[in-house]
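For reference, the structure discussed in these notes is given below.
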Amino acid sequence: MTSFLSFINDKRVRDWIYQIAAVVFLVGLTVFFVRNASENMVKAGIASGFGFLWRTSGIEVPFVLTGYTQSDNILALFWVGVANTMLVTVIAIVLATLLGFAIGIARLSSHWLISAIAGAYVEFVRNIPLLFFVLFWYFGVIAALPAPRQSISVFGVAFLNNRGLTIPLPDGMENFRIAGLVILACVLGYSAFSIWARRRQARTGQHAPTLWAGLVLLLAVPLLALTWAVLATRWDIPALRGFNYRGGFAVIPEFVALLAALVTYTAGFIAEIVRGGIQSVSHGQTEAGSALGLRPGQVLRLVTIPQALRVMTPPLTNQYLNVLKNSSFGAAIAYPDVVSLFMGSALNNTGQAIEIIAMTLAVYLVIGLAVSALMNWYNARIALVTR
Amino acid sequence: MTIRIIGTAAILAAGISFAQAQQLAPSPTLDAVKARGNLECGVHLGLPGFSFANDKGEWSGIDVDYCRALAAAIFGDAKKVKYTPTSVQQRWPILQSGQVDVLSRNSTITFSRNATLGLNFQGINFYEGQTFIVRKSANVKDAAGLDGASVCVAAGSTEEKNAADWFRERNLKVTITNFQKNDDAIAAYDAGRCDAYTAGVGALAGQRIKLKAPDEHAILTKPISNDPQGPVTRWGDERWQLIVRWVLNGTIAAEALGVTSQNVDEMKANSKNSEVRRLLGAEGGFGEMMGLPNDWMYNAIKQVGNYGESYERTVGMGSPLKLERGQNQLWIKGGLLFTPPFQ
Amino acid sequence: MNRASSLSIWRERLFGTPFTGFLTLVLLFAIAWVAVPLIRWALIDATWVGSTRADCAPGGACWVFVRARFGQFMYGLYPVDQRWRVDLAGILFVLGGLAAVFAPHRVRLKVAVAMLVLLPPLGIWLLSGGFGLRYIETREWGGLMLTLFISIYASLIAIPLGILFALGRQSELRVIRLISIVFIEFWRGVPIIAVIFLASLLLPLILPGGIGIDRLARAVIGLGFVIAAYMAEAVRGGLQALPKGQGEAATALGLNYWKATGLVILPQALRISLPAMTNEFIALIKNTTLVLVVSILDLLGIAQASLADPNWVGMNMEAYAFSGAIYWLICFALSRWSRSLERQRRA
């Protein structure tokens, strides 16, 4: 008896008991749920399995990057949704970061009115549900843009109206592929050159003309290559026929509205992160920068922001993941993202809720983990560099 | 003492249910409805003429009328219904998971829904045909004139696929934008996002009165599809399916037999037509065969009216929708609406 | 400070140098360009009294619409003669919260726990009925009342669950830690719109047949789980901010894990993480708007639903402006409170 008590009171043994109990509980719960689900589904006559993915979808999507047509299968529809989710997420992250940095720095401006306006913006944006932004931009954008016949023409090749922005589309991609290869080669060449230049500078103290090499390799050659590709390709230029412009590629207003909503909303949060990050850099650092003869802009760029970035990376990562998750708000305004297409249209046509929801959640989890991993890697890198 | 009373009551109740079980197939749904004291009916979120709640929360419409008739047949009281508004996405899961007893929500009967979703369609209470609403200024006469247009539609509806198929078969290029809810789609159309909004003729008539300037919009008259709609149940519980089906048939039969909410008392007392007598429970004991009171259809017609009365009041000339009977006329008057006989 | 000197401070701030002055002018012009039409629409040209759409002047806001719908914006379709129950529940929650915050230091914890135990069941009873009150189904609830109900009850699920998983994530036991990490990262990784959908579709499927869950309860449970993961991260911040010595000292005193955690570590960690938890609560309030995907009509949902009324066509701006202002006021007040807590802690 005493030996049993001492056995039970042994911390290691107890720890094991706790852990086993937790695992048994979880496994039991899972089995319970799965059994109920399969019973209920059989009883209700709901089909199960992933066979539905290879059925013809028949759903028409207004904004396709993958070449999908409605006679493709439902799996193809799923990829359309994933691509559209990623597209809006990536662009929104880039723009929201730029706007957020601008506002965050404006918040710290020595000009009282600028900092007050930035502050008001942040307070306004952070305390209103994102759905309001989405609806506001959507109906606001549609209302502000003209009907197709009164379209705003951009150099006669692109046209803006309340059906979206119609831009010309190249007939073939070969020339662009060649130009892309040229640009890739330039970037690689420049990287090699700058690494060589840095090593040489470390060894001999001689400066290499990296600026000139950069201008030529990263600006002039790529521009030339792109210009050649644009001119050498035949373009499908949109033309007004009937209701709207035909031909070309239409960027739909749902995309623009969702993008604008994500950017304006997220920028408010990023601005606060930027402000906090900059304020976390001690005043001595900026003073030291000024003492070295750096101008205020240079102090910000060369001294403050690199150090602030270290503090900002983890919360920024969270915001980027929020953008990804918040892109699902597009479902409210018919932006064909994965939630709207797959959990909306496809779910309705097949009724297979469990499979479809599981796949949709997996999309967010996989992309989210990838972004986290990337940001962790970046975080580790800047932490090393600035040690 | 109390324990003994409860015990006796339980034995009695068990005895009664046993006695019933000998005559009738078990119907868990009907039992649940009776125990609950009200019918749970799934309806549309808000479509004037079909199911629409006013600002006091009172529901009306032709789909709602069916729910009321069913409640009247079960309880003798058309008010014993609770409505669950459902979106296009939710309607099937809500019915499948048993949150509603019946779905009466202008939903099209299709093969794949019947075959893969565990749903049964119990007849047709509205022959809908899909068409388009367009701005009069666009000068469109028929669906083929929509070449190049963009069309707003509710995602997951039959209209979404129908329209896509119809335009593709004719090599017409039409952009379809899918919204999660009918209201979102119609709001986007009204804001100028789309050249047309597509839904059934009846649904469009209901949606049109929500637009900012209803007179500036026209509904194309020639439908591109036929979309029969009616009450939906889950698989299983055949007796419940029987009830759902024959209450609908009863309202149609009543119109064919000339029974209205006005003359139902007189018909029940004096009619010599034996089908009328069976329908109203004066002979035949039809209600009992399903586990309902014999005056089931009497109550339904007395309180809700026959199909024609309901039609005129909700979507017909007596309503803001002003829809002709068209296909929804009785078969004996050249329409498609049909019921097997009450024999 | 006298007037002249404050004036001179403002002049220095806004027109200190020519460039500052130029910027000020440009910005003032921009503000006027945005604000003047807005104020004209919302206040000057607006119609405040009347009873129908026809009473409203074109070009200005039609606040008549908001007045006509005010009851629905606040209570949804809750029966008019029963709305006192909602008011009473609201007052009780506010009083309970104040009692917990302003109680004398010694009994504050006890009062808070008592309120946490007493108020939630009382609130549900008042709102839904039974025991002498008329039964009112959740489908009749709506508007601001529903927004607050969902936020409060979802966080009642989220806070205990969040604390549990935060402790689990810091645990020495590897399996417990792994389970906690998976739970937290899963719920933090998925969009809330999908979770609400998931809860409304899957909960009835994975429970034994015949057990029905109210659809509002489903949304609350779904939101509660997501917010629990965020709350767990907020609490973890507090746990990590606590010096290690605290736990070691408690163990040295002979307290076991639960006592050391409950009496020494958690009270301090929770105080540190209260601002972060408040921020999660604000996020929760904003995210309740998503319940409209399962046709539950919270404040924004009821505002949208009111737009479908054929008698009040074209009231979009008014409905959104009014409901948006309410969200803003609530969230702004809470974020101010959270910031003052943060400052108190720092000081």
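Order of writing sets the chain letters: A, B and C. Residues in each chain are counted from 1.
In this text, contacts are C-beta pairs under 8 Å (C-beta built on N, C-alpha and C of every residue); 3 or more make two chains touch, one makes a residue touch a chain.
Since the structure is predicted, the reported quantities are computational estimates derived from the model, not experimental observations.
Comparing chain C-alpha centroids with the centroid of the full set of protein C-alpha atoms picks out C as the closest.
Of the two interfaces, B-C and A-B, the higher number of touching C-beta pairs belongs to A-B. Per-chain CA centroids place chain A at a distance of 27 Å from chain C.
Chain B and chain C have CA centres that are 39 Å apart.
The distance from the centre of chain A to the centre of chain B, with each centre set as the mean of the Cα atoms, comes to 44 Å. The residues of chain B that reach two or more other chains are 89, 93, 97, 180, 187, listed in rising order. Residue positions of chain C touching 2 or more other chains: 201, 204-205, 209, 293. Shared interface positions of chain A, i.e. residues touching 2 or more other chains, are given as 40, 43, 139, 331-332, 353.
Remark: chain B residues 45-46, 48, 53, 55, 57, 82-87, 89-90, 93, 97-99, 180, 183, 187, 209-212, 320 touch chain C in the complex. Considering their complex, residues 13-14, 20, 23-24, 27-28, 31, 172-176, 179, 186, 188-194, 197-198, 201-202, 204-209, 282, 285-287, 289-290, 293, 300, 316, 320, 324, 327-328, 331-332, 335 of chain C touch chain A. Here chain A touches chain C in the complex through residues 15, 18-19, 22-23, 26, 33-34, 36-37, 39-41, 43, 111-114, 117, 123-124, 126-132, 135-136, 139, 321, 325-329, 331-332, 339, 343, 353-354, 357, 360-361, 364-365, 368-369, going by the rule given at the top. Against chain B, the residues of chain A that register as touching in their complex are 40, 43-47, 58-62, 70-71, 138-139, 142-143, 147, 162-163, 241-244, 246, 250, 252-254, 331-334, 336, 340-341, 344-345, 347-351, 353. Taken in their complex, chain C has these residues touching chain B: 69, 72, 77, 137, 139-140, 200-201, 204-205, 209-210, 212, 215, 293-295, 304-305, 307-310, 313-314.
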